[in-house]
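Below you will find the structure I want to go over with you.
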Amino acid sequence: MLKLQNIHTYYGAIQALNDVSVEVNKGEIVTLIGANGAGKTTLLMTVCGSPRARSGSVFFENEDITQAETHTIMRRGIAISPEGRRVFPELTVAENLKMGGFFLRSREIDEGVDHVYTLFPRLKERSNQRAGTMSGGEQQMLAIGRALMTKPKLLLLDEPTLGLAPLIITQIFNIIRTIRDQGVTVFLVEQNANKALQVADRGYVLETGKVVLADTGANLLVNDEVRKAYLGA
Amino acid sequence: ADTIKIGIPQPMTGPATQYGDQIQAGALTAIEAINAAGGVKGMKLEPLLIDDGCEPKQAVPAANRVINSGAKFAVAHACSGTTVPAVNVYEQEGIVAITPGATSPLVTDTIKPHYFFRTIGRDDQQGPFAAGYIAKQLKPKSVAILHDKQTYGSGVASQVRDSLAKDNVNVAFFEGINVGDSDYSAVITKLKSLNPDLIYFGGYHAELGLLLRQAREQGLKTQFMGPEGVANKDLVAIAGPAIDGLLVTLPADFTKLPGNEKVLEHFKTAKRSPDGAFTLTAYAAVQILADSINAVGTDPAKVADYMHANPFNTAIGKVEYDAKGDLKKFEFAVFKWDKTGNMEQLKF
Amino acid sequence: MSELLPQLTQQLFNGLSLGAIYALIAIGYTMVYGIIGMINFAHGEIYMIGAYVGLVTLSAIGVNSGLPLPVIILIMLIIAVLVTGVYGYAIEKVAYAPLRGGPRLVPLISAIGMSIFLQNWVAIGQGARDMAVPALVTGSVQFKLGTDFIITAPYSRIMIIVVTVVLMVALSLFIKYSRIGRASRACSQDLRMANLLGIDTNRIISFTFIIGAMLAAVGGVLIALAIGKLNPFIGFLAGIKAFTAAVLGGIGSIPGAMLGGVLLGLAETFAAAYISSQYKDIVAFGLLVFILLFRPTGLLGKPEVEKV
Amino acid sequence: MTDVLLEVSELTMRFGGLLAVDQVAFQVKRDEVFAIIGPNGAGKTTVFNCVGGFYKPSSGNIMMDGKPITGLPSHKVAQQGLVRTFQNVRLFKNLTVLENLLVAQHTRIQTGLLHGLLKLPSYRRSEDEALQRAGDWLDFMGIRQYANREAGNLAYGHQRRLEIARCMITKPRLLMLDEPAAGLNPQEKRELQQLIDQLRKEFDVAVLLIEHDMSLVMGVSDRIMVMENGRPITTGLPAEVRCDPRVIKAYLGEE
Amino acid sequence: MGNNIKNALIAAFMAGVIIAPVFGLQIARVGMQTHLEPDWNIILVGMAIVFVFQLVLRPFFARLFAKKAVKRALPVLSDSARRGLIFLLVSIAIIFPFFTGRAQVDIATLVLIYIMLGLGLNIVVGFAGLLDLGFVGFYAVGAYTYALLFHWAGWGFWQALPLAGAMAALFGFVLGFPVLRLRGDYLAIVTLGFGEIIRLLLINLYGLTGGPDGISGIPKPTVFGFPMARRAPEGQTTFHDLVGWEFATQDVIVFLYLMALALALLALFVSNRVIRMPIGRAWEALREDEIACRSLGLNPTRVKLSAFTMGAMFAGLGGAFFAARQGLVNPESFTFMESALILAIVVLGGMGSQVGVILAAIVLTVVPEIAREFAEYRMLIFGLVMVLMMMWRPQGLLPVKRPHVELKV
């Protein structure tokens, strides 16, 4: 479904990704783990075309989207909950969600909003609050909810559990499983490697811009190096 | 040198461009005529056109450009606002300059220059002259005076005010307006409720045009009057039919001066129009410079001395200077506009 | 003084019509600012160009063409709006788009440069001197309030007030309820995220510039007809005033631009009427400073939320 | 001198119709690590903001060392020895790591204009001391090798450390940390825990902590207050809180 | 290619629309009527140029830049290179007036005044991050302080100079106090408002300031109390009489230039030191994150105010000098456009870069002077240069490495 081949991505002169190849199959949960600054966020954003890979190619559903513009890429059925949440601070919670489903028909939007509200009742309570004044965790829920709005084929999640309470974290992982079961493909970046690997079908380990390990989630969980470096064992 | 450079720093852009054009026409025609007749002491006159935009800010740079270009003589600055600061420069540098347009007393009163002259009268003649006409001919019960807060406009307006006060005419209103504004309706409403018999405006045509138009639009039908700075074709275009009946004071029409036939001839060969209040004053300025150089050579100090001491016969008649470069005699006249945009000198 | 009331009414009308003029330009300012957070100093010049295009059109038709007046004005408006739309689009593409994502002040300087350029572009093309615009819309509503003082409301001014109100309402509704409106609000807060939601942000920005320019053109044509004089430099002062109005009302807010414009117009008019016209601009700017001290984000601007 | 450093009583913060913090009261003792936990949106950060002077509380009292600090502007509060980190790290990103630490000493060093222009000895001494202190803290945090880099380019974990160092260099009496472990990996979390322990022991600083990571909270805190919907539901020792059924239901969930 | 042609056609069409009403259809007036004088050639030529540009040149440039983009990272001036460059510039500046004509020296003096202003505004905008669009107001305060002291009390330049700086600083302080809590563009517009208010007051306080005419005849600085002028005021000896020189205006100009240079160097020195001092660090920190600053006990109002005041002081000194150079002050010299120009110097220089400010001041003062050759195209060119410069170097002409103390690691 998603295939990255020999990607090199730069920020100006700084190389953030070095010859990265990653594949995500339809209906899978794939997770990407790695230390701070390894390039995980960069990898997700390269899929979105922002920044664009300097060399290598990105395929989505067998089409080359390496050079496509961000908005055309996203309209193919990809949604992202980005690093730093990036909710629209002046828009209300409800408006933020509607923005998520920008290209849907209005009935679909309403359905989507209702769906998100059932997942996160907190958002329903606050549907008219401006997003910028929500608490850190509430904003995170909103960012995830907004990404879910379009019913994407591929969902990109960048540290979705950051700043969330334990109870909600558990719930997020449940949601990830559920939507996978509904046929959505999930590409997940997590600091919480333990939990991420538990739900993931497969995982990649990124170190300073390079993929150093790729295996099934279960195998990585028991991999010694991974355990030492990322699971805190 | 085989040419004598004459700087002509005048408005070539901005609202006073019309006046700059008139002055250019006069000065260039004179220069061409003199050159055609063999020049001055065998040397040709060379005009240097410089833009001062009629903006005080550009005055000193423009004057400096005259100096830097090596000219020792200038037909300088139409507007009082630019002339006043520039006079210092000419005086300091010893450049003989003549303004064909600036009427403000400040031009020569502030530093009493030795090198600077005019070929036009002063507003302390024009203002009292206008006031005299108002007091004796119009006999209004009350007069409102507006001005544009600039050197020239506010200067002439206060001259009119003071003279009217002496003549015991009631000046009910005296206020400045902003140049460049486009909406004067607030002040017009004020005038409307004051309902004076005459409104005098000190300033240039652009603001007066709007005032006239907006006054008539608001149903204010009072008689307007202004100084020479308002009188040109642009005023007609902006004010439209509202111009009907406007009074202005202007230098007398020198084209009708006996003895100017040759001058008019030169304008015809040069394909330029001699019309406009400042065309012949500029012509005269060049004549005076040429005559003086002819008499004493190209040393500016000597030229200045010569000019203070001797009378000249020019396109604006016989000219004599006092110690600070003002004309000993200059006459204004009153003109009235009709609704087709033509004006006529009033006899009284 | 029994004339006080009618005089006051007349000044109120003067203030409103002046305010409407400011508001009409301010709306465009506010829209562009709202979306890319940039003070488009060239906006005043677009207004000026709109006025010129109107005059060119009028000259092409001829004042005595025999066409009914509303038709002439409509043609002037349509042509002016189309031409300035192209101007707005081109200016954005040439002078601002390449700078997006860079330091914040860079487009500001570019805009000032653009503004100087456009002034002189027209000054060279059409000449720098004042142009007179024939008074097409003549006549006025006149009435008395008891005394002899006749209150006069020229049709040309009434037209400006009406058009401004209509445009403001239409635009507010459009921004609030249309999809493009919603997208543009999102773009104004986080361009990159809007892009990540599949929105073509470049198109939204172009669109905003075009609409802003068109509004300015409407202002240019109507105001030129009402005032009767234009030159290539009128845009600058009008732009500054309109921008002040936009900030006063809370930049980014369309009703705010209207409110700010009217307030500024009234302040200036009443200062001119009851203090002195010399001090009217001081009063206007003083009012701006004063209001911002108490409402740091303008009258209708939302207070900035920064959650710590 | 009592051993209560910070005393918050009846603190209430209202946003329009929303009661974000409702009658919260707690005390932090000297040398204590006191944690506030609770579901998202419970009002924890808001409590911080009120205590730190970033919001003006709707009502309530805050006393630092017996002196009221309620409603003081935040920089005045900080001058009382009460400094904080932020939920999203707020470094001076374009300044170097070292400069971040120098700015933090601003209130304590020679800032006279003339002294500096003329490089008077007292100015030089003060600058040298400031550098010395900064160096010491960088050593302590183990990030000396990044001293001359731009702070924004540091790895996230190092940024967190720098932010804490920046607080500590002001010699605070109370250090408030808002989710310091967010975005850190398990390894880094453990280092953070050691750091907090060490700070408290070596520098006599009390710590007020907000955190969602239970292993960290349980590991370092002396006492924990649990909030829900703006109200404290219980305060107690880690062991007590962990087993409190209300806390499990509202916050922890069944494991 | 087909797509390219289509785009080029669209662009050409738009160019036609843009050119037609301004150049193609000239409004001419006969009496009270206006009519049009069409010039189709100019429209067609314009369209053709744009078409060719879009079709041929643009793809060419695009390719050119694409290659360059790889090395888009700007060359940043190192510390020693910066010092070397400053030294070089200063040496050139000192010997320069003895080898050129007075016109050039005169412009160079203006450049120096703009350098002073640029360095001042650089503190406010570049370091403290406060967008000040009314900087010219303080410049005016400085200029008028000297002018008024001269006019009403007969003060000389050297007596008035410190007071001009102090007065401007005071204005900065008093005006800054209430408004510095405003954010971003709101601060910008309020400062713009202040600048305008100061200018309007100068226009309207006719009795005091001479209104729109301003004050003229302001003397140039004296040399140890001896005026440099052709004719001395009564009771004084001119400098050239004193030393027995022939009076030459060139000398006056050069002297003025050297004074300006000294003052600009002082400004450079002070701003250079200040940004390395604690207060300079605090400015930058505040620009980066006000909330974090507050959390560390820094009083933001005070820090901002110090930047604002110091910037104003520089402007005041520059203003006094301007008054002396022009011999005249009037409100027209202090319009918003002037603020914009100074801001452009700072931004084009590369915010915070002092060498950049110097270069930009030179460029933005000299370009319009050179462009005088093109008469009415002068400002057109100037505007265009401003736009192009921003595109060419959005990071500024000469971004320097931020000066910072280093720690041995």
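Order of writing sets the labels: A, B, C, D and E. Residues in every chain begin at 1.
To be clear about the criterion, a residue touches a chain if its C-beta (ideal position, glycine included) is under 8 Å from a C-beta of that chain, and two chains touch if they have at least 3 such contacts.
As the structure is a computational prediction, the values presented were derived from the model and not from experiment.
Trainee: When you average C-alpha coordinates per chain, which one falls nearest the overall C-alpha average? Tell me, please.
Mentor: Looking at where each chain's C-alpha mean falls, the closest to the middle is E.
Trainee: Most C-beta contact pairs, which chains?
Mentor: C-E
Trainee: Please flag the chain sitting at the greatest distance from chain A, going by CA centroids.
Mentor: Relative to chain A, the chain with the farthest C-alpha centre is B.
Trainee: Centroid from C-alpha atoms only, then distance chain A to chain D, rounded to Å. What do you get?
Mentor: 30
Trainee: If you average the Cα atoms of chain A and of chain B to get two centres, how far apart are those centres in Å?
Mentor: About 76 Å, centre to centre.
Trainee: Distance from the CA centroid of chain C to that of chain E, rounded to the nearest Å?
Mentor: Once rounded, the distance between the two centres reads 29 Å.
Trainee: Provide the list of chain B residues touching at least two other chains, using ranges where the numbers run on.
Mentor: 13, 149, 176, 237, 240
Trainee: Mind pulling the chain E residues that touch 2 or more other chains?
Mentor: In chain E, 29, 32, 203-204, 291, 376 touch at least two other chains.
Trainee: Quick check on chain A: which residues sit in contact with 2+ other chains?
Mentor: 133-134
Trainee: Provide the residue numbers of chain B that touch chain C in the complex, in ascending order.
Mentor: Per the stated touch rule, the residues are 13-15, 17-18, 149, 175-178, 180-187, 189-190, 192-193, 206, 209-210, 213, 217-219, 234, 237-238, 240.
Trainee: Write out the stretch or stretches of chain E touching chain B in their complex.
Mentor: So the residues of chain E touching chain B come out as 29, 31-32, 101-103, 106, 203-204, 206, 211-214, 216-217, 229-230, 249, 326-328, 330, 332-333, 372, 375-376.
Trainee: Under the touch definition given earlier, write down the residues of chain A that touch chain C in their complex.
Mentor: Going by the criterion above, the answer is residues 48, 50, 69-72, 74-75, 79-80, 82, 86, 88-91, 95, 98-100, 102-103, 130, 132-134, 146, 150.
Trainee: Which of the residues in chain C come into contact with chain A in the complex?
Mentor: Those residues of chain C that touch chain A are 179, 182-183, 185-186, 189-190, 192-201, 302, 305-307.
Trainee: Can you list the chain A residues touching chain D in their complex?
Mentor: The contact residues of chain A facing chain D are 35-37, 84, 122, 129, 133-138, 140-141, 159, 162-170, 191, 193-194, 229-232.
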